[in-house]
Amino acid sequence: MILAFLIAFPLLNLGYRFLSLAITTGVTAIALYGLGIQFGQAGIMSVGHAAFVGIGAYTAAIVAGMFGIGFWLAIPLSIVMSALCAGMVGLPSLRVGGQHYIIITFCFCALLQIILTNGGTFTGAATGLDVGSIDHLFGINFDQLRNIYYLVTLVLIICLVTTYLIINSPYGRTLRAIRENEMLARAIGINIGLHKIGVFMVSGAFAGMAGILQAYYLRHISPILYGPFPSLYLALMIMLGGSRLIYGPLIGAVIVSFLPEIMRLDPIDSRIAYGIGLLIVVLLLPGGVSAGLLDIYRRLRPRSLK
Amino acid sequence: MIKLIAVCAVSAFTGVMIQKSRAQDQELKIGVVAAESGSFVSAGNTIVAAARLASQQINDSGGINVGGKTYKIKLYIRDNRTDVNVTIAAARELVNDIGVTAIWGTETHDFSVSMAKITGSAKVLQFSGNSSLGAVLDDKSVAPGGWLHYTFQTEPQEWQRSGSTAEGVLTLLTPLLPHPPQHSVVFVGNDATGQYLSSHYVKALEARGQKVDLVKYPPDTTDFSPLLTRIKGLNPDIVHFWYNGDSTLTAFPQALKLDVAPSYFLFGVDPGIYQQRQLKSDKPVTLSCVPVCWGASPSPVVQEYFKKYFDLGASKGPQSSVSLLYYDYFFMYAKALEKVGSIDKPDQIVDALLSMSYQGVVSPVPLTFNVHHQVTFATQVSLVKPGTSDQFVSTIQQPPPSPPPGDPGG
Amino acid sequence: MPALEVIGLQKEFGGVTALAGVDISIETGKIAGIVGPNGSGKTTLFNVVAGVYKPTGGRVLWHGKDITGKPTYEINRRGLARTFQQAMSFSGLSVRENVQISYEHGRSHSATSQRKINWSSPDEILSFVGLDRVANELAGSMPFGNLRLLGLALALSTNPSLLLLDEPAAGLSENESEVLTNLILRLAEMEIGVCLIDHDMFFMGALCERLIVLNFGTKIAEGPPSIVLNDPSVVEVYLGIEK
């Protein structure tokens, strides 16, 4: 039913402002689904996720500028680049222990921002890079906002389906095993290192897709979008929304994007609100808002319980 | 009975007159996208204040006469919350939901560029006071059909502003120093605007014989002492604090405490705010305004402007003079509309703007747009009398005729 | 050929010698026991064999092939499974999901593990150890006795030919111990080798066909329980420990 709402949303005619916000929220949610698998299933948090969104975005912008490769052909490039980088960033943590991974992600994100800012004309330095519009496909004109919305929604649905398939597959179960008890997982034949790198890459792939979508929607990207601060916001969203349930990342993105909009909060008040929200989640709703909603749903309809 | 008829007649007549005048007053929808909250609020607020002042003055003096109809400006102000997603959403709202004919804003290069992608394809005029737009305004982008054809840069090209600033600073400081300054350190926040501005300013200083060291700080820095100590070790003659004004106001007192240099330059800090914050230094300090100053206004016209500006409730922030990057162009746009005779002919309006001159507040010389949609005007540089907070000597510095060696122009 | 051979195994942690050169052979289909006082190196032996630690000297052979220093997951895939002294489980998941995970990984192991069992489903494993009635419970909320059984189920799911059980009876009641004993006997019947560590001499003496005694990282006795338990050096080491 949520899907129906997503699809019908533009028809509600809430205006271009809401449509635009919905698009940017959807892009954020796509990135969050990656983090949802990595953190929700494998239990490995990252505070550098925006860096991989940035790699996807910059890959798209650079291949467009240097080789004239448009949106559609650049999609696999962005996804692969982000996945590879995410895997590489995770490699050192296998040696030194998982608790260092989170610090490594933060450092990588800060480092990437520095590299992008000082990358001269290749990365556009602090002024950033510009990107054209999405080429027409099958006659669909992507200069129309509504069509961009449908594109983002389609990708989001793919993310939802992929997440669902992963959660309910042996692969997802393996990730959960790693999350619950690494030592025991090893003892039953799970190659922890391989699976960790694998989940980093999966997470990076989602981020890369979000990155290219963002680049082609904003049509102008710069390093400030992909630093540690945006990464922390992503971590916040996944914790608020909940990482283990399938709608968690979407709920997290919606809360953080639309709460200030609907309640007309300025950035300072929003941050206070998020801080309070985070406290509530940590103390009362460990599974995030999505888990809380599921709980309420179950209580109201006890006969649905198996 | 007669009284009743008379009353009816009068009210009917009045009603008709009111209807008629309402029918005559058309609405000219103008959008403003600026940071009313978030980290760029100092600059953002000035755009909003300028818009309010200008539109109020235009409406109070009878509105704009376009094609026989009277138009009153209706402002649609949207806070971008210093966030690019909100900027885009606001631009979409203004362009598609509300249907504005022009948008003023934003205070940030990145936001202005993203917004221009939207206004450009919708043929909505955009007035942005970012000199960094010079990097993207070229023959192709401003040509009809180009994405910047409807965008106007209301801040002079950076090499011009940097040139006049450098000239003004050196002119004012040299007499007060024991020997002519040779070594300058430029201290700048390392984001898009900071990088762009400093790249031109460094060239401008070097063209005037300065050996320049560029020191960049992360934009969110609050404790500048490590970097300032390092700068002190370089033994500069002048330390130039560039973008941005808020950071400069934090860093400058720290620099005074550490006694970093024999002289200073503060970019984007108006004499008015220097006085308000009661800053005091026994070393000579120069200030530049973007573009002309409040607190040491160079002319009665500017003084009058700032009086009205603050009277309307604008806050006295460090970058209040930024408002002048936006103010005059409301009148210029109005003039262009009157000339074209319609509010719905953006191509003709663009041509009208490109071919006209307008005597505004920001410059004693009439404003014109060059072929790349950019304006040119002088910069005011002020010297604070050492040991005081409120005594200033100013010079109005004209821009140099051409970019210095190594400067790509733009 | 013995299934597991440990030759001159040494392990040092910093300055502490946990294993000072141990030689052991274990065969499949038999039940062997490793006993010794606390700190004699029993669990360290298991950990080194199972790939948790790399030895500082010596070798580990599995069906004649050198597996010294290989990672745990690799060793498990070749047919060697172990349980842990502290009852380990995937506590946030249900009992069935626990076993399903190890079952799925057990199925994908290579054929060289010389497997003796071939489970058809996770439920078969659950029935075998007797956890089928609590299959939907959260592993982390189960009583200790069931956790021990779950640990055994997880190890069994990986289709091992040899099981290393680290203090499987510790903390169990009389009844639970009896259930465990019966399970181990059934495993021996299925030709799966079992090697267990425990402190309960009564339990070990009754169950094991062979006992190996460790003290301070060396083997001090080996043989049928009746002989080993009456060995004077063994008795001396165990003076004061309850039977």
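Letters A, B and C mark the chains as written, and numbering starts fresh at 1 in each.
Just so it is clear, a contact is a pair of C-beta atoms (placed from the backbone, for glycine too) under 8 Å apart; a residue touches a chain by one contact, two chains touch by 3 or more.
It should be emphasised that the depicted structure is a prediction, and the values quoted were computed from it without experimental measurement.
Engineer: Return the chains common to the contact lists of subunit A and subunit B.
Structural biologist: none
Engineer: Quick check on this structure: which chain has its C-alpha centroid closest to the centroid of all protein C-alpha atoms?
Structural biologist: Ranked by how close its C-alpha centre lies to the overall one, first comes A.
Engineer: CA centre of subunit A versus CA centre of subunit B: separation in Å?
Structural biologist: It comes to 36 Å between the two C-alpha centres.
Engineer: Could you please state the distance in Å, as a whole number, between where the Cα atoms of subunit A are centred and where those of subunit C are centred?
Structural biologist: Once rounded, the distance between the two centres reads 43 Å.
Engineer: Please work out the Cα centroid separation of subunit B and subunit C, and write it as a whole number of Å.
Structural biologist: The answer is 76 Å.
Engineer: Of all residues in subunit C, which touch subunit A in the complex?
Structural biologist: Those in contact with subunit A are residues 50-52, 71-74, 76-77, 81-82, 84, 88-93, 97, 100-102, 104-106, 108-109, 154-155, 157-158.
Engineer: Quick one: in the complex, what on subunit A touches subunit C?
Structural biologist: My answer: residues 170, 173-174, 176-177, 179-181, 183-192.
Engineer: Which of the residues in subunit B end up touching subunit A in this complex?
Structural biologist: By the definition above, subunit B touches subunit A via 36-39, 79, 81-86, 88-90, 92-93, 95-97, 109-110, 113-114, 117, 121, 132, 135-136, 190-196.
Engineer: If you look only at subunit A, which of its residues touch subunit B in the complex?
Structural biologist: So the residues of subunit A in touch with subunit B come to 15-21, 24, 117, 125-128, 130, 143, 145, 217-220, 222, 224-225, 257, 260-261, 266-268.
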